[in-house]
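Here come two complexes built around subunit A, the first alongside subunit B, the second alongside subunit C.
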Partner chain A sequence: MFRSTPIIRWRKYQERYNLMGAKCEKCGKLHYPQPALCTCGSSKFIAHKFKGEGTLLSFTDIGSGPEAYAEHAPYCLGIIQLSEGPKITSQLSDCKLEDLKIGMQMIATFRKFYSSGEKGAIYYGTKFTPKW
Partner chain B sequence: MKIGVIGTGLTKFGEIWDKSLRDLLAEAQLKSLEEAGISPKDIEMIFTGNMCAGALSGQLHIGAMAAENLRLNVPSTRVEGACASGALAIRAGIAAIESGAAKIVQVNGVEKMTDVSTEQVTTALMGAGDEEVEGFQGATFPALYALMARAYMQEFGLTREELAAVPVKSHKHGSMNPIAQYQKELSIDDVINASMVSDPLTLMDCSPITDGASSIILATESIAKKLNNDAVWVVGSGQASDTLALSNRDSLSEIKATRFAAEHAFKQAGITARDVHLAEVHDCFSIAELLAIEGLGLAKKGEAGKHAAAGHHYFDSKMPINTCGGLKSCGHPIGATGVKQAVEIVHQLQNRAGKRQVKKAEVGVAQNVGGTGATVVVNVFKR
Partner chain C sequence: MEKIGIVGYGAYIPKFRIKAEAIAEVWGENADKIKAGLGLTEKSLPAKDEDTTTISVQAARNALLRAGIVGKKIGALYIGSESHPYAVKPTAATVADAIQAGFDTMAADTEFACKAGSAAIQMVAGLVKSEMIEYGMAIGSDTSQSSQGNALEYSAASGGAAFILGREKKEIIAELEKTLSFTSDTPDFWRRGLQETPEHAGRFTGEPAYMKHVLGATQMILSETNSKPSDFDYAVFHMPNGKFPLQAAKKLGFSTEQVKPGLVVSKIGNTYSGSSLLGLSSVLDIAKAGQKILVTSYGSGSGSDSFIFKTTKRLEEVQDKAKKTEDYVARKEYVGYSKYRQHMAMVV
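And then the complex of A and B:
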């Protein structure tokens, strides 16, 4: 369920702002976001920043979203396979559904997500946009 | 394993504005008791599947509520696994009987969803996904299944018309089910031309928001034989998990946990997919039904859409699927769905499914999914 307080969103800001994931110290596998365990069983990771480039695996649009995104709709959503391997669920910005095609190249862009009321905090993060 | 289903109970599914969460649960509970011909004090344990009562009705502690409804002080537990909560409650009941902890168990499912706005329901249901990976990105369940549908269409060449055959068949079955939320038939054009929810899925690809409750009574083999000479048996049960977020899985075009749960359940039941006469599967969205059919091994990967379009899944055809109308037409009161699937299979195997009765059905399977496939339960029933 969508629960937004500044602390909940602050905790993972590196992930969202900088596409910060993790590299397994033992086998070298890359993850986004950092899991508790690597598929090899190791729990030792070092931070790894992803380049923010990838391929669009699937996409759709959302006409009416969860409450926090009510004013933001409609928007596009996709799953992108990062060039380094892991997959990421992301809003797709600066594009319409008709512009999108499975297999197209996408790049990360820093965007506003939503704000909690007129005087509340504004939340930012990474979205992906087609690399025209 | 051989556990008897000795009683079933269902409320009407739909927008039941004059009944509360508690009213719905109590109605189903009393019906299953009445059908089993036993009294509340015969129940030794209760398990109740529910997902959203905390978020939508401000009510948790559903276990105690279910016991109070029967004026009992026995152990009573609420079970949650998103949309698979109902079938998980059945598994909890099975475990209680298999372990010898109880001889007669009541298993319920309940959800009250129509008291609040659609946005509030959408928000609550996203609790079944990964909050940080999917929720923050503004993902919704229709959107996540739309991502699966598009990936599947690209990979296997499934057409929009083939996919539309799923809800058309569901509504045909629902039109013959008196408790179904929607009892009106649909055409392929009705599905394709309905308002777009998340492209390529229209409103008619999506299960609705529903109130309802369901209940069954499980008992040991010896008690079931004594009480009921027409008991249906649970002979296999499997459960599997996968990543919460769709994007953390290898494939977007399959629900792997269905395969794992089915392998376990079929092995325990001593059957293969060929022995299955009918199945109730989790069609929260049209694409999910095709993924379920393939995961259960009832069609080869990429071919379920062809079978659907050819009409093989109608109650009077080769491989009846979702004879109750499925989640789409019968309705999808989240926690109640898994138990309702079991009720439909039991009624079919007992030859009491009315106009939608499948002929000579002896083995039925129920597949219940939580989220986009992070939890899957498969139960096998035999006459």
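And then the complex of A and C:
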């Protein structure tokens, strides 16, 4: 069973549901997700919610996914540069490989990530889809 | 007494569709006969990573965009569905977190077959009117179930709509003038605990069930408000198929023109708890200020909730602030029967 305890994922709900990242209090750099230390060396951050818009930098399709995502395969995966700067790796929903093009605009969508088997909890979060 | 009403609304319909022909081919049935009988041609289905929770979140976020408020302002959130992903664990709690409603939110899931969403609107209306909360959100959303090979398989669809109610006059886009319900113990359609798909009583779902309650609630609200069908610009009746709402309209004295703008079933199927609410969101997308809308839902078991709304100038200011129902109806990708079953297997 894939990670049967829900606690580790519960800690990331806001990060995953609402793209809650962090802004360095010292230099103002935006991060997603929040790191332990900013590149400036500071460990002081304030919460920052990203808008959920960005540009597709790279993508691929997955024909045989890891255990948690196996039943979602085939699916696309992409690196999106958020409009505020940080890059995020995300599954891409509602699209096929031939629908994608580097540089296209993407928007966040709330989707199911995976569930821990038939009896386990269901996990949700943000994925990206071509802007329409 | 202070007026309350809708201050924001939002729809969401998944991208995927299956045509009646693709289902009929598998079961050796005549697609033309089925399409003519049900008054629909295709239906929506969820992506592999969608369910009632994700549909609700997308609709809720669209409603917040139109209301121009943040999720933290929502004091109560009720979600009606026949396909809550968990038997025990509320969809409403996940949706509340996903719109950042905050810990101080009343939240629960409701169930009354296809009228669980309209029942949620009534619950929220009571809380807003009594000033227990400033804003409340009600959602009707489903990834509707049906047995393979059953007539329901042609119509059971996926989608939902969210409505935010408030009482600040300048924010109201549609005043709630009246709501009431008509309820009786009627065994027309049910799903027992631990069963994956519902059962129904065939033709009994018509006259003694749908018609009795839809007509009963509508006649009651017309009588109590001294209204007549011609007083309304639009009428929305629950849409289990494309025919029942038109038949109900005719019996009640409403014209086809009053009903057609909200008749989304012909394009996407029956979204169960989302059905009449998507009809209302379709009408709000195109209505002008000062128009009257009658909505009557139907939930098997059975009951109907009737509402009378009167739109305000504010409606036209918010219509374009989020995707419209028709935008979601028009966005579509067809799949075959095997892929459709694969998608549905992910949500059951």
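Just so it is clear, the second predicted complex is superposed on the first by the 128 of 132 C-alpha atoms of A that agree within 3 Å, B and C clash if a C-alpha of one lies under 4 Å from a C-alpha of the other, contacts with A are read in each partner's own complex, and residues count from 1 in each chain.
Convention: a contact is a pair of C-beta atoms (placed from the backbone, for glycine too) under 8 Å apart; a residue touches a chain by one contact, two chains touch by 3 or more.
Since we're looking at a predicted model, the values are computed, not measured.
**Student:** Superposed on subunit A, are subunit B and subunit C clashing or fitting side by side?
**Tutor:** Fit.
**Student:** Which partner chains sit in contact with A:W132 here, subunit B, subunit C, both or neither? Use first/second/both/neither.
**Tutor:** In the superposition, A:W132 touches subunit C alone.
**Student:** When both complexes are superposed, which of subunit B and subunit C contacts more residues belonging to subunit A?
**Tutor:** Greater contact footprint in residues on subunit A: B.
**Student:** Looking at the overlay, does A:Y13 come into contact with subunit B only (first), subunit C only (second), both, or neither?
**Tutor:** second
**Student:** Quick check for you: in the superposed arrangement, does A:K112 touch first (subunit B), second (subunit C), both or neither?
**Tutor:** After superposition on chain A, A:K112 lies in contact with subunit C alone.
**Student:** Once the shared chain is lined up, is A:L30 touching subunit B (first), subunit C (second), both, or neither of them?
**Tutor:** Neither partner.
**Student:** If you stack the two complexes on chain A, which partner ends up touching A:M104: first (subunit B), second (subunit C), both, or neither?
**Tutor:** In the superposed model, A:M104 contacts neither subunit B nor subunit C.
**Student:** So, A:L77: does it touch subunit B (first), subunit C (second), both, or neither?
**Tutor:** Only subunit B; A:L77 stays clear of subunit C.
**Student:** On the A-aligned overlay, A:G65 touches which partner chain: subunit B = first, subunit C = second, or both, or neither?
**Tutor:** A:G65 contacts subunit B only, not subunit C.
**Student:** Minimum C-alpha distance between subunit B and subunit C after superposition, to be given in whole Å.
**Tutor:** 12 Å.
**Student:** Residue by residue on subunit A, keep only those touching subunit B in one complex and subunit C in the other, then list them.
**Tutor:** On subunit A, the residues that contact subunit B in one structure and subunit C in the other are 72, 75, 91, 113.
**Student:** Okay, in this complex, where on subunit A does subunit B touch?
**Tutor:** On the subunit A side, the touching residues are 1-3, 9, 12, 15-16, 33, 57-70, 72, 75, 77-79, 87-91, 97, 102, 113-114, 125.
**Student:** In the complex formed with subunit A, which residues of subunit B make contact?
**Tutor:** Per the stated touch rule, the residues are 55, 118-120, 122-124, 126-127, 131-140, 142-143, 146-148, 150-151, 154, 196-201, 245-248, 252.
**Student:** How about subunit C: which of its residues touch subunit A in the complex?
**Tutor:** Spelled out, the residues of subunit C in touch with subunit A are 15, 47-51, 53-54, 57-58, 61, 85-86, 89, 94, 97-98, 100, 331, 333, 346.
**Student:** For subunit A, which residues count as touching subunit C in their complex?
**Tutor:** The touching residues are 13-14, 17-18, 71-72, 75, 91, 93-94, 109-113, 121-122, 124, 127, 132.
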